[in-house]
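Scrolling down, you'll hit the structures one after another.
Two complexes, one shared chain (subunit A), two partners (subunit B, subunit C).
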Partner chain A sequence: MTLAHKTPQVTLEPAFTPEGGKLLPQPLRHLRDIRSKALTEMVLPNRRTENWKYSSKYLKLDESLAPLTQGSGMAVGRAVEGAYRVVIRNGVVDRESSVLPDQKGVEIQRFTDLDEVTAQSVARKLDTVIDNSTTQIAALNTARIEDGLLIRVAPDTSVDHPIYVQCVTDAQQSGSNYPRVLVEAGNGSKMTLVEEYLCEGDEPVLVDAVTEMTLDSNANVTYIRLCMEPDNVRHVGATGVRMADGANLDSHAIGFGGDLRRHDLQVRLEGENGFARLNGIALTQNRQHFDNHTAIEHVVPHCDSEETYRCLAGDKSHAVFNGRIHIHKDAQQSHADMNNKNLLLSTNAEIDTKPELEIYADDVTCTHGATVGQLDETALFYLMARGVDRQTAASMLSMAFVHELVGQVPLEDVREVVDVRLNQFIEASFKETNA
Partner chain B sequence: MAESNKPEDFVRHEYEAGFVTDIEADTFEPGLDESVIRRLSAIKGEPEWMVEWRLEAYRKFQEMTEPNWQKVSFDPIDLHSISYYSAPKKDTDKPQSLDEVDPELLRTYEKLGIPLHEQKALAGVAGAGTPAEAEAGSGGGGAYSNVAVDAVFDSVSVVTTFKEKLAEAGVIFCSISEALQEHPELVKKYLGTVVPRGDNYFASLNSAVFSDGSFVYVPKGVKCPMELSTYFRINAENTGQFERTLIIADEGASVSYLEGCTAPQRDENQLHAAVVELIALDDAEIKYSTVQNWYPGDENGKGGIYNFVTKRGMAQGKNSKISWTQVETGSAVTWKYPSCVLKGDNSVGEFYSVALTNNYQQADTGTKMIHIGKNTRSTIIAKGISAGKSDQSYRGLVKFQPTAKGARNFTQCDSLLIGDKCGAHTFPYIESKNQNATVEHEATTSKVSDEQMMFCRQRGIDPEQAVSMIVNGFCKEVFKELPMEFAVEAGKLLEVSLEGSVG
Partner chain C sequence: MAEAQRTGTYLQRFPGSSTPPAEGTESEQLKIIELEESTQMLTIKNLHATVEGTPILKGIDLEIKPGEVHAVMGPNGSGKSTLAQVLAGHEAFEVTEGEVLFDGQNLLDLEVEERALAGLFLAFQYPVEIPGVSNLQFLRTALNTRRKANGQDELDSVSFMKLAKEKAKQVDMSPDFLKRGVNEGFSGGEKKRNEILQMLMLEPRLGILDETDSGLDIDALKVIANGVNSMRSDDRSFIVVTHYQRLLEHIVPDVVHVLAGGKIIKTGGKELALELEEHGYTGLGIDDAEATG
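The block that comes next holds the complex of A and B.
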């Protein structure tokens, strides 16, 4: 039954397509214009849009979320010792607050500073790594960029410290901003990129963040994405990765819920012997929402992927996971594992999960597993029999459930930051459910 | 070595039920509008409320558009080029006994291995096999020896066997047209309660134009003394088969029901859009088994049946149980999700499925388990085998409502790929709104490995037999759920379907 032709199609508010991007070099401005024109007809995802089946109800893009044009003078997040840092405020790179590397072969530039030639090549690359048709809202980003960050690592260069990109949103007034990052990792290069999303102020804001990465032969990238914004932020993010032969991706996406949280992670294994590990944690409580959509494309033979996502949902919150593994025709000898475990901490919470496999080659091994449930009574009993009260036992077990993945994050600093938030989350969850 | 030993080379097969019966038939002109529905209803002598019921469904249907979310592609269906009624011509009204049934029809069913002669079956002769059955070979000879059969030929039910014996036990087993005459109150009470008229495009179409089907009512506390079965046969050209099955198991009753189907080999595609509704009241149990062997089209993907079916069971009462078992080897395109709505506390839903696609067949099949009652349990075991250039998807939904305290689901869907031109896909939706519910989902995809093949061949088993053994092993969990005679047939069918596909 299709009701689509009956319900009027909701398009994007006209307020979302004003002029802008004046500071961008010509080729990028041109790309932005093309995308802007396409936007006027953009139909917002609704309940019947498969990709947004469970989350479209949280997508409320009204006039008040029109792009923020002013800069922001607010304080920035913490600096990490022994790490490089780039601050993006309201979608614009803030050079003064940034600590940039002075290492040969490592190039970090803002889009607005790019020379004509580089801008040309960047413009050609943008939107080719990510599949906009499946992320929908991420398409808005290119049409609205004011600035962006280009990170280039030359062949055989190992970036000596992790690069922290802190995207800060100033929510003193409502509006939206569009951080954009493009990473080009050369042959045999190595780097760690941490993206941290933060916000100050409590007006409703929309953050539409897109990161695209290309990994050349044998490049090795560790990608950590921390979604730490408060409830008032509607966050729609997408990360696209294209991997050449022998490339290695280690991704850790950790996020806390809010009014709307969405992250699309798309990985394309385009060269043989590539390996991708995708870890993810989503935590929601109160009336929060979090939606993780991942897609792993095995385009060529002999690639491996491993995916582990966990969700904890408490109170009246709603967590969604959609994982897709696509083994293309002739991508023989592919090995793909997907695992999604979910814990419901309250009777009013909801978890929806859909681990998909799409397979067109016969000599492959693919498995997926998904569970949704509650804490194991036997484990609780075991702890309680040893004098631990029920509440503490439950919080210990919940903590352990996600901590397995936190422990795999290779940066101690990140683990600490996450642990602090995690403790607050667990504490709040168990205080409220048992009150 | 001249002989090939790739598994895919052993999956070619001939469709054995592809013959056409030359029989005189009354057939409507192709086309669909309200007058066709009125005429259909009038021919069947249906009560006035039924005409209205159909027309209401047709009105709903007209507001709908054909769904396109399923992962199959096929040429659009022109619903106006289909004839909505085709029945074998009869001299008098209705045959009162088997002797009055057109001998041509009886031969058709015998050829398919479905004996419609009660005496033989009772005397145990059927087990030995009539000459016709022996000819039919793997068509299921002797499979129905102690089973009451309702035979549906194109749009009408031609004969129902063992009616008297069943009546002794109080079981009503007849065609739905007959039920509308004899037991209108039961039909009116339950028809459309599980699959409403506006449920989906093909179900609405079915509600408007269904021509026949089976009706089963098992009264309180009765265990149905024999297996019930319906055998569907599409024969006429340019017709669609729209049958409707309604099975009700009253408190404490239990019934096992089998369904089989075949169609002649033709170059055009034919539409089969059925609706099956099951209702299980307190402590009742319904077991529904299907061996679907519609004509799958030739090896170039030409012809074959479009099998778009809505099957749903309502486990309405406490401790009720609904179990679906299906073996799907036929049809050009299959689109079917036998589902269970687990409404009663402690009710149980089961889904066991083997789907095999070869050549250009496409199947998008799976199940839905909607947990509403407390401590409801469901099990899903789905085995998919793709060979040739076929495409197959498992699509399932497991949903826990906030009321489904203590509910559990276990799902396992495994795919086996034979050859590198086919596809196997899995789309499981899991929605949980209950903290105290547990769902586990597992899926694997693999191929018939070289090691397995070598192991068998070393022991002198030829490749074809080896693949068949491995595939049978793969499907064992499902086959063991089938009634015994059916399991034998299913195994054989799989073997035939796999002929020429090994590697």
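The block that comes next holds the complex of A and C.
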């Protein structure tokens, strides 16, 4: 069955031009106004902001704050077989290109269509999953939203296909856009969410994308975030997840560099026996910049987290990893493993990695490891001793370095899409080195 | 004794060819010399090598004809593994003197991968684990690179899989190992078997086995020996580097060399290995100081 021909079950209003949030239901418009006003007083990230010290100079907010309009309608993302698909173009949900589920217990609505009651509950929830004091970008998003996506999965419902949310920027002109997603996964529900960030057009744009998720008891969410935009996009994004008891999060954040890439991932384990796996891949070349900030809060006892981030940096690019694990006073019997391995493909590339562990409980197991290295000469020699030339050997090893994590992504379609880009990345990296 | 005569011949040959040029014109003489040289697969002349400035090899002379199996024995630290690594082209070792001809080519002028493509294969003493690169991908890349270099077509995936499975069976290796990362989580014995599998796939002209027997139980040893023996032919040679005589019961060498202090101090037939087993290296008058060079 090809789902692309299925009739959307949710009625969405026709496309519209952003008008300062005028089309949002009142409660959301109100929240937006509050944030907008606060924005004038808010200190935006600058050199002195500790968690932005490597990246603030790339942000260049003032030049591109003007919100983009819906654009020409050419940018529609890509079709995915056997999956639901919501297209958010320039921050506004595009009805025409979306394929939505008609499954009982699965509700997908855009903010501008919400009734007063739902809008009220959404407005109360926004900005409560993400810690606004550390991610200024989330506050900026709320101050600028034109629309958004609400995904609700009822208790004990397994969404029968992955849901792709494709955030497409139409960069025919410069400007900014603010995709927003709120996910509510009910007790014992199960879903796979793929966020794919794409762009067509080559004018400089800013994308500020925020996703908040709440996982109720025993909910199981696979979250895949693909940052596939070209260089002209300055992408800042934040994902916040709050997890109740027994909830399971499997997160895969994979991104290719650009003028600016910044992703903040915040996970709060708020119920016992929760498990969070955070995998990440960042790939940079030329003069690209990528900054991953993660924070895992072990609030209660008996939760486990496993974090593995890897980065390949070539040419004159710069990659940053900051991984924070915070074990609260009561969170005994917590297990937290964090591992960040980085590979420099060029002597001119820079990688800054910083694990931050704050542990206030005494009966916990925490491990962390961060390395920045170059290709292993022993392994290179081994490959070359079998007749493989140095360049091919080096690309095989670089590929292998991140491919372990690609292999853990549970969707074949995603693995394929990533592999294609990964191959291009590796090819280009080693062409440059040899030139 | 045939072996003794042979020993004499080997010792006498160095340095260089001692055969006087035959009569005839200059070009004919040249031809004769070329012919003579081409009867050797590998010729090592006065090879000196250092690691970080410390001399390890101090004048190795060795000649190997096609089809021959040469064992290189010696105490720890004598330079056996260094010799194997130098031949394969490891960067850590610097050749300071001497030359090596492989099928008439100056081996030392070739890059690591060019040596491999020319038909030289080193079975590593410590095979490297490469997580993320599957054994299959590795084998296929290596095999097709070699085929391309030989002017052959690349093998398609079906023919390749068939070949890989067949060869894996030959070294008693489950096909599951083909899908795993190269040597990733393999036991010592599995790693060594994987080396032999690679050799069976790549079909080199010259196989150098660097202490392939170390850490193997007798069953694994036999599997490996069978793999090597199945490849013995008139135009393929082997250098078997080993500390013990045990492997040589299964891979019977034509010639045995004893390496000590960076030099070959004795050359003989297969019985030399037995002698060593019985009397130890000290029985040959090698004291520790000399052995560690």
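Observations
The rule is short, and it goes like this: the second predicted complex is superposed on the first by the 408 of 435 C-alpha atoms of A that agree within 3 Å, B and C clash if a C-alpha of one lies under 4 Å from a C-alpha of the other, contacts with A are read in each partner's own complex, and residues count from 1 in each chain.
Just so we're on the same page, contacts are C-beta pairs under 8 Å (C-beta built on N, C-alpha and C of every residue); 3 or more make two chains touch, one makes a residue touch a chain.
Quick caveat, the model's predicted, so the values are computed rather than measured.
Contacts of A:365 after superposition: subunit B is touched, whereas subunit C is not reached.
Of the two partner chains placed by superposition, A:410 touches none, neither subunit B nor subunit C.
Of the two partner chains, subunit B is the only one that A:349 touches; subunit C does not reach it. For subunit A, the partner with contacts to more residues, out of subunit B and subunit C, is B. Contacts of A:50 after superposition: subunit B is touched, whereas subunit C is not reached.
The touching residues of subunit C, when paired with subunit A in their complex, are 88-91, 111-113, 115-117, 121-122, 124, 127-128, 130-133, 137-138, 141-142, 145-146, 149, 181, 198, 202. Interface residues of subunit A, counted against subunit B in their complex, comprise 1-2, 5, 50, 329-330, 332, 342, 344-374.
On subunit A, the positions that touch subunit C within their shared complex are 376-379, 381-390, 392, 396-397, 399-404.
Against subunit A, in their complex, subunit B makes its touches with residues 64-65, 67, 69, 198-201, 400, 402, 415, 417-447.
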